[in-house]
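Next come the structures, one after another.
You will see chain A twice below: alongside chain B first, and alongside chain C after that.
And then the complex of A and B:
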């Protein structure tokens, strides 16, 4: 069943795209763009999700999506007004659809009544308005009757049997009637041919059901002088001989042409007469009566009584008028189970005419012109952005190879010493061009994997809305920088942490409207979600103007849980950061205090997983800011190459503020035995990398260097290294993938000379030390 | 008998993939398009024996697609099957009004799909 698995994978892939699209559409709809394009896109998304779900038998999803789709359809055609309430309901519905998709994917069952409230509201909405619009449904079939009128012309048949047929009129029974046989009268309308249906094919289907006798009724064919090329003159009378045949089986053959023909199906013979009259016949009669007046065909433009007469025919055969052999031979066949080729022969002469019949006479120019206009419009639209789908693995391979190319290129450049440079100017120029091209290639390749964070951000307005409803608070969400691009794998990991952070802000940060007013704040709280690129990192900031972290409570809980020793007095910033401390936050006891803590360890672990860091800063009564710093995991990093002991390390250039020679730096001792550095009146924590990484250094302390770095929240840290070698670009290799996560190290890289260097994680170093102190 | 060529038009990759699988297993040659406009482009350049089209699609929906097919070129007798969900009777009617030959109910059963195709092609 691997085929099915493949299809499912495609389906879930598609669902996730569609769900993202839905969120984007609703973000725009919420913002006031309530145009039909948006609604159509929403409808299509739900429709596609439903269609696929049906294919795999996800019936709960189908059921919900169907109810939702119906609502959307009504909104789309104006039966239901798209009020704010409806938008909110839809947004909630998207959520439920997403949950159903997830459940289908993971195989976890949702409660049987999941989404039942929403479904009930859909129904209520639909009922409330549904009376107004019953009239749109009927116009369909009529639109088509300007189209061509196929003709059944069989001149030979007219010559051979025309007169007799006319005399026979309609009450001529075609076949000897045997008990239990089915009699079918079939008169196609022009529309049947216009839709590329063909009586021949219907007969073929019937022939597969049992023995069949077909007789063409040709008496309607007028003299040549009156002949209208596009009228339908031919009808058929068919007798089916098969013991197992049911009316449903016969009707199914005519399923596609229902409404495009007059058809009656009746079972004949002693046993079935009553049934034929009571149950079988009335239905087709009713149908035919309705169809006839609307059909302008000559055949059907009969006076009412004529129509009635015609229709009487259906139940009539019960009173048989057998003209067996003569009539049958007269037309074409008597052999039961007539050979298909023979039957085809009788119809064929007409067929070419049907096919060649020109299309609409009256409207054709309008119709023909339309595609051109449409085509141009469509063309220009699709010329905007064209895209192809590529397996992510393939892109990864290219990214890796480009990485290797960058390293090789930088190695070549490093090998060029001054003498070589002087001697081979052409070679140097070539290398410069190569460097430039490599850089361009690298950027382009990275851009392939990059996606705007919009796809994650767009899910958040819904979340905030929900949280506001649940908590009874007034909250508005501002998003900034949603077009900032990050690597696709990072984006995929971003959704959960962001959800947690926003939930936290709404739950614990933002106060109730009353409290806010009492504090002199507007009653509506604001959560600001922003993304920006900062050097080699992406910063994602969730900021609220709520109450801030309740530090007393947090510290109390931390002490109770033994996260902070009783004799340690952490700084405010350290307390704030405690909410991420492992083991600190999962306890339920915290969920009902006004401080923070719920789920934040999840945030930290998820962000660490993608090599990022989280920093929190809070201002009592004013709000809280949480900053996610995410590396461009696959990106090429501009770094400073330094030496610690005998080993090379690299420090991301983006975090370096300045470098100072140790002899010129002013260190001061602090009581704990550590050192701080005074820079322009600010005291900065000092970390000796040699000590930190257990390296032996023989460099004279005076000759060592301070690399002043900026960590989260503009807090600085001073790294002491033995030597500064220079700047260069490196390709980040994940340590976690190849080894394991190491505190204080963000990854590894291969240098131009083939050596491996570790990338210093400035924030990680600082955080690790805070925790060490705290514990 | 020559291989029948089927053009499938649907914006859902899942459905396209499933149609492709079913139809090619049944010995049809399958062409694909993701919306009505693409479908028309295919018909401009390719000879096909039957079309299977979704209704709800971006750029050009199935109804409009069928109208265009019926109005252009030599496609008046090209069977066009509408791929539809079981409940959208009025869509089906619209599709029929536009010139659709028949319909396939989603989710489709492979055997039924083939039999429906056989019902409309010579």
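And then the complex of A and C:
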């Protein structure tokens, strides 16, 4: 069972990646990049999702994905034009697929008719366009991936005349291949169809490997009276010719359906294969051959007499007969290793002939593994970045060990005093190299964990679409800097806060179109989501051009809830920050968008958990800006090492504004007896760390230092320390792992000499003081 | 001076020991002997200083670096209310696991490894609240009284009261 669970987990991982990719593809398609690469990528993604869903029996997902896939297939073929409407429908379909995946993952049931409207529209589109297709006779520039000529199956004839007749009737145009080829017998079981696999797709995949000829074996089809609708009567014989085809490549195509079908692969005339390469057709002649069968009638004329006879008594083909002309041309251009005589044979309107154009396959692995066609081999292999999936725990272990290495290395360096340096020059040089290598190693390891924020950002367009629908507002989402990279752990923690912030903007910020027009703004509101690197931090900004925070209302609610005492008059900025107070919601009616009992306080606590901060600014009538400040990585911190009493402490460099010698700083007394620091006309709260931490200090007050820090919301605080030792990088260690949280301490780190230094929690210190004063 | 590899040595003995017996690491604080179950002890190391932790009670000596992990050190003498130990290089830290956490206990010296019968464990007599709070029981070994340390109790209440 656990194996199955593992597979499932992997499947859902893949789904989330694929859905992310879908968002990206459609963002590009929406922006006008309507090329076939994008469409193929979309098709592949949907097909992969469907394939896995079939294996796990998520039938609702399979059903929907299948309908969607059909639509995409038609779009890809050019049978359906990719209009803006279709794009919108597809984006909606992506959302529905995502919902289905989520439902499958969580086990929640979606309504039985979920997505039925879209499904109906797919069907309508597919039907409508395929009828039109008959009229224009497939003159579009894009033709089908797989051309086939329908063959009437005269069941009575089969059963009347026995097997000999069947052979005559259906084995009409075998590829007359003198040289080496592969013969594949493929007999699907019922389970194959039950798992949502489609032989057509397998053939497509095969077709990408080389020239192929597929013949359906229909002997098993019983008289109509014995026909069992769910039974499988059809099997296929496939002949493949390709100079560098191997059995493994063929087997790989059928990898997904192994066990659900009988498959045999045999090579015939292997020795001759090399020769075939020499007989590749020159292009001009190929065109001449192509020119002939441009109409279905001509094709019929080309066929064997028997075929013509058979088709004769079939007044109309059962399905529209697409012109194979374009396909034939492709066949010539793309399939190496065949003489034309052979090719000419293969285009006879017999059993389905599949063109050998390199079709991007449903299964990415197959695509990567299969050299598509000769000239393209190199290209398709070098495409894309190779990657492996690694358990994050393993990476964390490496990160930790590199951290230890950095510490040991700096310890060694510190141990080198002048006499040793003078005596052991080789050792010194070795240590210098070690320092460089260690630093490089550390950077590389950190880079492994870094990921573009794209993976979170890409989930947001869908959220905004949903919010717009639910609120009846017009909202546009702009994303900037989505390639900014942050530590993976930080990214993981980012999704919830961002979702809340965007919900907040859409629900409270952006006004209805009418209101916006009345205020002289465009009726569509904009939410801008941006990421940028600022020193050791990443800034993520969610900005909207909505109404801004209704301060009167916020203050009113805060007073009602007792968050703010009646006699306190907070500043505008303080009121804005109130939206982060626990349990605070100003939504006038509890909509199902916000007001679910989780509010902006969750954002604050989530962000704090990963060492970040949130700041909000609002302009009445103009909009709101929420800024998340996040550490670049959770594992390594740039710090300033200071001394308080006898103990080493470190202050995160990112929060330090400047350092001043006490003798040069101007302190002022305040009535309470406390001190404030005056810096460039600003009065800043002073915290003497020695007093705060109950340390005994013997340093002359004049020789001590002020470390001016910036806490949350750009509030400054001046820390007094005994000495400043220097800057360094440290690896953060948790105190809570073996102890408990200590006020004013954000954690610990290990210094070069092996001793522990505590990390000062600037924000925590400030908050603790406020509490003390309040009490 | 480094950790004594005591656990391996004890492997055979513990196999011999009946289910009913208990193996203790005994250590001394002044004249008094205390013990903890040997299975909780991770290593024993010499006192080498600790980084003080602010805003904690007197019996928290601070934190040390144990191969990259930060481990808090508790002064057992101070925990019993006898004032902080003035540690020398001869003082010892016994690193133990309490639940899923590792903690160190600063003691004067490790004295012995004892095997006692569970039947010989007596309740702590009522009276001194510190004793009843911090000891699980009292066991007699060769006419010495050994107090069984309740590690959970020792490490609790480390933070200063707000």
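Observations on the structure shown:
As a working rule, the second predicted complex is superposed on the first by the 395 of 775 C-alpha atoms of A that agree within 3 Å, B and C clash if a C-alpha of one lies under 4 Å from a C-alpha of the other, contacts with A are read in each partner's own complex, and residues count from 1 in each chain.
Everything that follows uses one rule, which is that a contact is a pair of C-beta atoms (placed from the backbone, for glycine too) under 8 Å apart; a residue touches a chain by one contact, two chains touch by 3 or more.
Model, not experiment: these values are computed from the prediction.
In the superposition on chain A, A:695 contacts chain C only, with no contact to chain B. By the document's definition of touching, neither partner reaches A:245: not chain B, not chain C. Shared-chain residue A:547: touches no atom of chain B or chain C.
When the shared chain is aligned, chain B comes close enough to touch A:51, but chain C does not. When the two structures are aligned on the shared chain, A:67 is found in touch with neither chain B nor chain C. When the two complexes are overlaid on their common chain A, residue A:735 makes contact with chain C while staying clear of chain B.
Set against each other, chain B and chain C touch different numbers of residues in chain A, with B touching more. Taken together, the two structures place no residue of chain A in contact with chain B in one case and with chain C in the other. The touching residues of chain A, when paired with chain B in their complex, are 3, 6-7, 10-11, 13-14, 40-41, 43-44, 47-48, 50-52, 54-57, 66, 136-137, 139-144, 147-148, 194-198, 200-201, 205, 253, 255-256, 259-260, 354-355, 357, 359-360, 364, 367-368, 370-371, 374-375, 378, 381-382.
Interface residues of chain B, counted against chain A in their complex, comprise 11-15, 17-18, 21, 37, 40, 54, 56-60, 64, 67-68, 70-72, 76-80, 85, 87, 90, 93-94, 96-103, 106-108, 119-122.
Of all residues in chain A, those touching chain C in their complex are 400, 403-404, 407, 645, 647-648, 692-695, 733-735, 737-740, 742-745, 748, 750, 754-758. Those residues of chain C lying in contact with chain A across their complex are 49-56, 62-65, 68-72, 101-103, 158-159.
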